[in-house]
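Here subunit A shows up in two complexes: once beside subunit B, once beside subunit C.
On to the complex of A and B.
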């Protein structure tokens, strides 16, 4: 709880001085935080600092690790502060539908198991989970990140369906942003298995160790990596009165009512500007500010992703 | 303007919306109801409430809004869940939630016909139904769909066929223009008038940044017309 102790210093002044100090003062700050969350939060904002001692415009520490799930064809673990996402891709061969015979497909599912947050009850799935799934598949499709034709194996006969599953292990705010980074990272890590056509015309996958031994012709020997174009990255900004808070935590999300999520791709195109309601109206100037912040964040995320890719390559070669 | 020259399938020009109709108080059991149509896109909305109690997890010091989306056919999927959430958050932002604490107001949206611009049509219908039910509102919301073509021209209120042909399209919701003179400084600290602020923005398809802001401008201009239509329609039924 190092972060809350740092925030506590600010809150102490807000509570009008806790008196004796030590444990008693600490308790009072905690009580104030629970009883008057909005006043506590706004007291911080007046000092241009946030509950976890971040400045308003800085996102949390972000880390990306590739290839954590051994049984998947591509996987990644992404952390935004305490928000943790695991994305895994499993490829399966399917017969493409007649109207798009030279294309594969991507099936996205976002899961929020009860361990991720105290607000998710076992048995009943979280309200936001299907919405985030939908948003993710919309963004993947409309950014053109994946050329579905690259997922084709044999025209009209066989193509890949990529099952992308994202598990939220800890829901501490900005879920969509973290889920999108994990999606991009998992696709970056994706290694397409070798397949060949057996004598009776069926498409079979060839395990790596048999690569040189099989007599059957390999269908996709030179297509082992998926080319990613126009990679999208997103940033969620919370709008509270005249303040713009970047990458909000779950505690901030419970206080702030208005959020703007901006998704930009590598070409600088706007893939999505998503603002579902909220008490603060977004004027053009605020939207421009959010887009500027998102550009900066996209660059930062791109660097973090590149670093994790090169770190993995170093691991492999050593 | 380039956009003006582009003829559309149904003979409209780029700035032209399909004919709007709004009728209220159609359902006898509901506390408020409205039917809103834009061409062949037709939505029926019913409002029940405020009923006592809020759902677990909602703030009991505020009124809670529940949205149930009924598609024309079939079961509800992710798309409908997303619509429900956007509609709920949008309606929450226009309702005076503190005037009926610890109550739930249900808004049931039945899609009668879908020919593009479905979400804006549903938002407009729900807003009229809330007025019909007498739920206290801060202001009205007017929703519009804008389509952006590859060449950068903007069309208003696209049909389903047009939506698929567009490079991008977006659903925008604006507050209606206030008639009352607001006290100095309360409207906005920004250079823009109150009704230019965006309540909801949902976009589909990648587009240049400039294209997005072009659509905002056109959407704002069109929202003034819808706002005028809504106000006239509510006054007519009310008298």
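On to the complex of A and C.
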């Protein structure tokens, strides 16, 4: 029965694709897509084309915008096609623990509010959200992107804790990749406020106009920007049969057999590889192919990020 | 992370208190300049857009000054299993805040009553009979809270419902005013809200001239209540016409 349906469906798909099919034909393509998603998907793959008309190895249109959240110290909005992430960093002051008295810390949380997807309901957090939180914080720490010593204010007394909160506004696949780009972009945009210590030992901010006038000693005059060392970028590749699909959408993620996420740093070294289960064995050759694709993607993302930084500087100066 | 150290935001305290006292002193006078240069009876410019997220049946984004809100509408879809059979549809509303919405991290979640208030404001406008046995979910996320959050959420939610094609008697638009001594100030910012003497919020269906929700806090004289209500109703009908033109624009684009 399945084969006969597939045969009929292919006919319809061809009619719809040719542009000659009427409203009825288009309706049936849509129905076929919902009833036999795998067959519909594989029919596309045989022509080396994706459901959204992309070639297999090309990612979606990507955009980065910095500094959209006025109430945060650093923020970024990242779009991969329809997947949208907002990351914001707020700095707070903490007393560092005794064993790392000259270090600050970073707290990462990834949220999937109910607006982002029909499957998330309020009160019950999405299953993948804590997984992505953990992966992000692992990548930030293990890549050595941030030197935690840069977040120290007064040795043993006070250091910054950077609360990084990432909200997924629209979940359409490759969430980890988009979240990581938004993380890097938010840290790039981060501006550390100028602070001094008040008489009672608390850290207080010094507003820009008072910089020369305050009697209190300034603590971090030359540490207003965070140096990012090895910036990590990632690429998720969907594996289906012998095909590799770069930057899959949510619809593709629900169909494909498994995926591999590769994280690379600035020098092209592998920071992490993640393959969550699935039936396709990721052979060495496939893994190598994924890493090559990830390298190309990392370079592309780096360029997009640099462009957004210079765009913001132009905005400021004009 | 067993021993999470106590943390605090360094910008709090003295600076803010000083600002509030300044506001207070100003409000005793008859006339003062609002921090964003508006006159007392002038609303913030409204930026509205439908189709903010495409996973939903309908959605809208609203930006009024520093207040930024996204609302997604899902459904009508199957009600939860635990729900009793119902001849008419259900409206389920939820409002959440991002942790960075407020100047101090994580304070937005104090507004737990907003979900119920949003539900009450929209309930009267939605034709629940048009989707029996099913539920329409209205989810709002406040990206940045810059004052007048609830009125913005309500207006944005009714726009998202319209975008989703849910049948309504009319669009619901909502505006709030703050009272300072003798003065009434429309569409207050968070700074102004923090030191107001009282507030009044109206959600209404301007075309039918019906009020779906009215909340009033603080001390108000009858005369001033009337003045404030008229001010709100007038602003609501203007806001509704902006919302309507926004819907028309998106309908023209898609056709």
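Methods note: the second predicted complex is superposed on the first by the 297 of 318 C-alpha atoms of A that agree within 3 Å, B and C clash if a C-alpha of one lies under 4 Å from a C-alpha of the other, contacts with A are read in each partner's own complex, and residues count from 1 in each chain.
Note that a contact is a pair of C-beta atoms (placed from the backbone, for glycine too) under 8 Å apart; a residue touches a chain by one contact, two chains touch by 3 or more.
Just so it is clear, the structure is predicted and the values come from calculations on it, not from any experiment.
Engineer: Considering only the touch criterion stated at the top, classify A:69 as touching first (subunit B), second (subunit C), both, or neither.
Structural biologist: second
Engineer: So, does A:37 touch the first partner subunit B, the second partner subunit C, both, or neither?
Structural biologist: Neither partner.
Engineer: Touching A:291, do we find subunit B (first), subunit C (second), both, or neither?
Structural biologist: A:291 contacts subunit B only, not subunit C.
Engineer: In the overlay, answer first, second, both or neither for which of subunit B and subunit C A:193 touches.
Structural biologist: Once the two structures are laid over each other on A, A:193 reaches subunit C alone.
Engineer: Give one of first, second, both or neither to describe whether A:269 is in contact with subunit B, with subunit C, with both, or with none.
Structural biologist: In the superposed model, A:269 contacts subunit B only, not subunit C.
Engineer: Which holds for A:278: it touches subunit B only (first), subunit C only (second), both, or neither?
Structural biologist: After superposition on chain A, A:278 lies in contact with subunit B alone.
Engineer: Would you sort A:242 into first (subunit B), second (subunit C), both or neither based on which partner it touches?
Structural biologist: In the superposed model, A:242 contacts subunit B only, not subunit C.
Engineer: Is A:130 touching anything from subunit B or subunit C once the two structures are fitted on A? First, second, both or neither.
Structural biologist: First partner only.
Engineer: Name the residues of subunit A shared by its contacts with subunit B and its contacts with subunit C.
Structural biologist: none
Engineer: Inside the complex, what are the residues of subunit A that reach subunit C?
Structural biologist: 69-72, 75, 82, 84, 86, 88, 90-97, 109, 111, 113-118, 121-122, 161, 163, 165, 167, 169-172, 193, 195, 202-205, 207, 250
Engineer: Can you name the residues of subunit B that touch subunit A in the complex?
Structural biologist: Its residues touching subunit A are 57, 77-79, 81-82, 85-86, 88-93, 168, 170, 173, 175, 188-192, 194, 196-209, 211-213, 216.
Engineer: Across the complex, what residues on subunit A touch subunit B?
Structural biologist: Residues 119, 127-128, 130-131, 133-135, 138, 142-144, 230, 242, 257-258, 260, 265, 268-279, 281-287, 291 of subunit A touch subunit B in their complex.
Engineer: Tell me, which parts of subunit C touch subunit A in their complex?
Structural biologist: Those residues of subunit C that touch subunit A are 3, 5-11, 13-15, 52-56, 59, 66, 70-72, 74, 77, 94, 96, 98-103, 105, 137, 139-141, 143-145.
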